[in-house]
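Same chain, two partners: subunit A is paired with subunit B first, then with subunit C.
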Partner chain A sequence: MSASPKATATSTTLPTVNSAPPSRLLRSRASRWIATILVVAVVVIFFSVGNDDWFSIVNYTLIAAIAALALNVLSGYTGQVSLGIAFFMAIGAYTSAFLGGNRPSSSLDPLGLALPFIIWLPAAGIVAALVGALVGPSALRLKGFYLGIVSLSLIFIGQYIFLNARGITGGPQGRTFPIPAIGGAAFDQQNAFFGLALTTGQQYFLLNLVVLTLASFFVYNVMRSRAGRAFQAVRDNETGATIMGVNLFEVKMGAFVLSSFLAGVAGALYASFSRYIAPDYWSLTLSIQFVAAIIIGGVASVWGSILGAAFVFGLPLVIDHFNWLPVGGSGIISSSDLNALLFGLLIVVFLLFEPGGVIGLARRGQALTRRFNSHKEGGESAEITDLPADQ
Partner chain B sequence: MSESNVSNGVHKPEPTRAPLLSIADVSVRFAGVKALSDVSFQVQPGELFAVIGPNGAGKTSLFNVISRVYQPVAGSVTYDGGDLLRLKTYQVARAGIARTFQNLGQFPTMTVMDYLLLGRHTRMRSGVVLGGLYFIQTRAEEKHNRAYCLRLLDLIGLKNASNYPLGSLPYGLQKRADIARALALEPKLLLLDEPVAGMGLEETEDIAAVILDIKEQLGVTQILVEHDMALVMGIADRVLVLDFGRVIAQGTPAEAQANPDVIKAYLGEEFGGSAAALPAPTEEQRS
Partner chain C sequence: MAYFLQIVFAGVALGCIYALIGMGFSIIFKASEVINFAQGEILLVGAYIVSSLVFDWRLNFILAVASGVVATVLIGLVFERLVLRRMIGRPVFAILMITIGLDTILRTSVIVKAGPSPLSAPAPYTITDGFNIAGVHLGANDILTIMVTVVLCALLYYFFQFTRYGLAMRATALDQEAALAAGINIRTVYALAWGIAAAIATVGGVFLAMGTYSIDITLGSAALLAFPAIILGGIDSVAGAVVGGIIIGLVQDLTAGYESKVGVLGMGIHQITPYLVMILVLLIRPYGLFGTRKVERI
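This part shows the complex of A and B:
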């Protein structure tokens, strides 16, 4: 062999790629638009609407987005099929109830330690994460369908426990959940923060928005660094990932713990905002709604989780709010029936035609616009043709 | 291999007498079928060692033993002075053994850059918590390793593709990205599993050049599993020929080529003894 022939790429050119490089959380055009619209909507609603009905819709959506994000970490990014999200939300909710609930005034009341908000909210996540760490190892032995069945069993085990652990859950009748309070200002009353008088809905809104924002950035950061790359590699090919040095135990435990933590926090926030919940709320239906949310919104995408939650949890509330559907005895179809029908249909449609969900559609649109623009300018900017010809 | 080697490529391994990899009497069986029987060979540091053989000869099984995907029923594997069979599969990469994949398309949505960074998984530290917070430490680690991977992509001629999903690249470039990903580990031993399978002559020559660069500029020891006889004969230092899981020849390419058993295995009984029947290395590959 003569003097080393350098890596030769002279003849190789890249064709136009259909898929654009993955968009960053706030850097791609589409996500900047989404963010801008959201922020404007948020500001407008926040300052003009005193009506707590609207805040109720937005609050439920924000909380659902946190839980959808949790499911996306486990299923969307790491590929671990799970129907157990409602169970982990319940663990978070009941942890918050036990730690933050009022002390029982009679022996019939469920237990509560009346600890402050700053303790019960993080604790809800931590306890759920610990339970997640107990379940996680089962994912080492089981994959796909079988793991799904195990996660399904969590729902039923949970239902049994929640119905019977009256001390904590209040039994079949349910129980009340604690109200966040900052410096003695409990969120169930109007409070003034920095001179702004805020209603209950507005206070919860700020809290939920802060938690969702923190959770989104955390998940986004994980997914663009070493741990997240390993998560996604395990989803795509376990053996391949292992050969590259990825420890499956670490990855699956990491995904279960992070996912359960977020689900636990979402569960506590949901329960707190609802004030009162019976155990049958944490059902398989709830889990499936979250699966629908991430498929419709976008698998393995932070924005997809948020959009999916808005679609699956927010939209029906909006429809109900405006009475767009004739509900009740005289109606043709109730909004919950319509939702079930619509989401079932949408899941099938998205799985068949756009597995990337709404976010996938947005990215596709973005790639199209880019190609269109590059044509307009007469350039070929969407194309790489100049791989370095080596010296 | 230190970082600077990627850019200046002057490092040569020190000549050592101890083999980097030593395989002794390794046998692998699946439900009674012998995939490998008493395979023994040694690979010296810096060597470009090739394993050839017809379909089903056990070449990939051999790689799966070295990657700790298959557990041999007998024999020993010594790597870098230690017992390789004591390691778990995921620990093999940390020990400095990288492997390219025969089948591509396993990580279609990952960008080329992310794929290389994944290849550096064992060279990086941050976990879920540090990654999620993305503070100074993680930020610096990402930046440092991205720069490293970019230099590597530059070296292998894929710099402009770094932000594109693997699945959007043509086959030849995916193969090349896979080699870059394996190199990102800064391996002591690189296992190349059919790097030119399904490629045309020109692409094959490109990859041959890359493999020789890795040997000469980076000094990485390589084991090459390949069907393409011409490629192997042109670039390998030594060749091991497998047939039905047994070693039928071992030596320099010329020795292996002249071995009647090898010709028989490749071309069947009637051609036995006729060395001329084997494809000769092309002029480019010799030069």
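This part shows the complex of A and C:
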């Protein structure tokens, strides 16, 4: 049951869920198939029975998951504290608005070039990444907490710019954002694709799901590549990473730019789905919500980003949907406040007791059951099952 | 000229508040290398408690401030004892994040407890009092702010230079292991740092509220302007926090006073000039005016 020395050497940097020894490879591949089939089944069932309210909840959650993934690239995998994600989402949103928005019909309307969806969505990410590359050097050259403080100032500087750049942001009143359209079929109307009539919510759902899936696979695979291992080496030990030949500045910039790109795409999708946003939406609170999402869901984990986004952004919508909280009167807590209180507490509790978040808990549970099973079978010892395996 | 002097005076008073908050940041940072993102909300909680004691319980202003200080010091101590002490040796990332967790808890508690509408700011006199010298209005709250800051700075100076625990704190900041070896109780030092920081933050919060005549939920983010102050002054220098605070206060009030005369700048640039100064400082001299040069560039 021993892995070859080479395999262990390359894989110790990356502990993953898939930590079964070779003899269990088949079983683990089977379980992965089962998991995939389950996810697809849930998506299909939801797609056919969900109503508009539920599609709205799920769409916001999916978009939030993309942004949480963006923050996880920077904070979870690379260990750089950032409170600036709301700023980069805003850059993406306003890029999409400028490129894809309707041409102004009067001089008071915000600008728009009415370019097609296929241009403004990628452009949102690219422009956010460029802005990230521009502001990165001021903060990333300094070790420690400086990025946290500089990214904090980005939020406030952003608010100032967004309030004043009326031509693009609409000023304090805000502006509308473009609607994705494929071949003339705009998502705000019911459209038939391949003979299937889809509502607005369903169309956005498919779009968001595709983007999230692409982003997830991309991040997951980058983190298993040379670049991703460099990210994680920088997080775990900067001095050690430097000795191994990692260029700290390049790696931090790479993570920052990738994170900004994903945040920009998420911002454009969010703005498009909510149709109308005023500049004060892109606040420090929004950034903190994403920080909470990755800590609760799981740092340095793709599934953790998704779970965290569901908890921080989806749960209050679900609570409101079912009216679980009493309405009106004084001293009654709103769902977003209740949620904020809850995630504030959970940040503290998780960081104290399970820094891996919900995913960390799950991994711990998995390791326990595996240990239990291996004892039951009288097979290999518990230590071996904990070794990270070949990728 | 009178206009300029007026602005300078107000800027110094505002800077004193940033100095108070900034000193809290750097005292905690020196003792334990923790940047406390929750400082702003500790201040908010303090100001809320003082306000509700003055207006709802009809308590004397001085007594109310004292109770507010006691309450926030308790919050600081409990958080330090129950949470941060378990985080010693963990990555900077986790420690910063956990203070953000505290920040969220405190802010939401205030929203839930007090509702969305702002409270009025407590003051020991009519809040618009003051007198005029050569066309410059010296507001009573500004004068009091400056006086209290001077007194607090003197007290802290005395504490750090001439008392047993002040010496212990300086020794710990210099070299934690050597301090331990010399028999200094590091736990007491941490607790003292959090207690002092919470206490002066509350005092700063009361004055900050007087400046805007009301207390609402954004008071905490106004306190974040102490970050530029400590970066400018040097993050591990308590004296630097005072100098940085006053410079930042001046910069902010001067831009606020003159931004309307420079049309192209748009509205509210005074809210970000401190941050622009900070980014400039980080690019040129990241250890600030008085900080030790141990900031590492890569």
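Rule of thumb we're sticking to: the second predicted complex is superposed on the first by the 327 of 391 C-alpha atoms of A that agree within 3 Å, B and C clash if a C-alpha of one lies under 4 Å from a C-alpha of the other, contacts with A are read in each partner's own complex, and residues count from 1 in each chain.
We adopt the following convention: a contact is a pair of C-beta atoms (placed from the backbone, for glycine too) under 8 Å apart; a residue touches a chain by one contact, two chains touch by 3 or more.
Since the structure is predicted, the reported quantities are computational estimates derived from the model, not experimental observations.
**Student:** Could you say whether A:S106 touches subunit B, subunit C, both of them, or neither, answering first, second, both or neither?
**Tutor:** The answer is neither, since A:S106 touches no partner chain.
**Student:** Is A:L351 touching anything from subunit B or subunit C once the two structures are fitted on A? First, second, both or neither.
**Tutor:** Touch status of A:L351: second partner only.
**Student:** Which of the two partners, first being subunit B and second being subunit C, lies in contact with A:L248: first, second, both, or neither?
**Tutor:** both
**Student:** Taking the superposition on A as described, I'd like to know which of subunit B and subunit C A:Y160 touches: first, second, both or neither.
**Tutor:** Only subunit C; A:Y160 stays clear of subunit B.
**Student:** Is A:R229 in contact with subunit B, with subunit C, with both, or with neither (first, second, both, neither)?
**Tutor:** A:R229 contacts subunit B only, not subunit C.
**Student:** Given the touch rule stated above, what does A:N323 touch, subunit B (first), subunit C (second), both, or neither?
**Tutor:** After superposition on chain A, A:N323 lies in contact with neither partner.
**Student:** Same subunit A residues contacting subunit B and subunit C, which ones?
**Tutor:** Dual-contact residues (subunit A): 248.
**Student:** Can you check the complex and tell me which residues of subunit C touch subunit A?
**Tutor:** Going by the criterion above, the answer is residues 35, 37, 83, 86-87, 90-94, 96-98, 100-105, 107-109, 111-112, 115, 221, 224, 227-228, 231, 266-269, 271-272, 275-276, 278-279, 282-283, 286, 295-298.
**Student:** Under the stated contact criterion, what part of subunit B meets subunit A in this complex?
**Tutor:** Touching subunit A: residues 67, 69, 89-94, 98-99, 101, 106-111, 114, 117-119, 121-122, 124-128, 130-134, 138, 141-142, 154-161, 163-165, 167-170, 172-173, 176, 181, 185, 202-203, 205-206, 209-210, 212-213, 216-217, 235, 287 of subunit B.
**Student:** Subunit B touches which residues of subunit A in the complex?
**Tutor:** Going through subunit A, the ones touching subunit B are 1-2, 4-9, 11-12, 14-15, 17-19, 21-22, 218-219, 221-222, 224-230, 232-233, 236-237, 239-248, 250, 254, 257-258, 300, 384, 386-388, 390.
**Student:** For subunit A, which residues count as touching subunit C in their complex?
**Tutor:** 75, 79-81, 83, 138-146, 148-150, 152-153, 156-157, 159-160, 163-164, 235, 248-249, 252, 284, 288, 291-292, 295, 330, 333, 337, 340-341, 343-348, 351-352, 355
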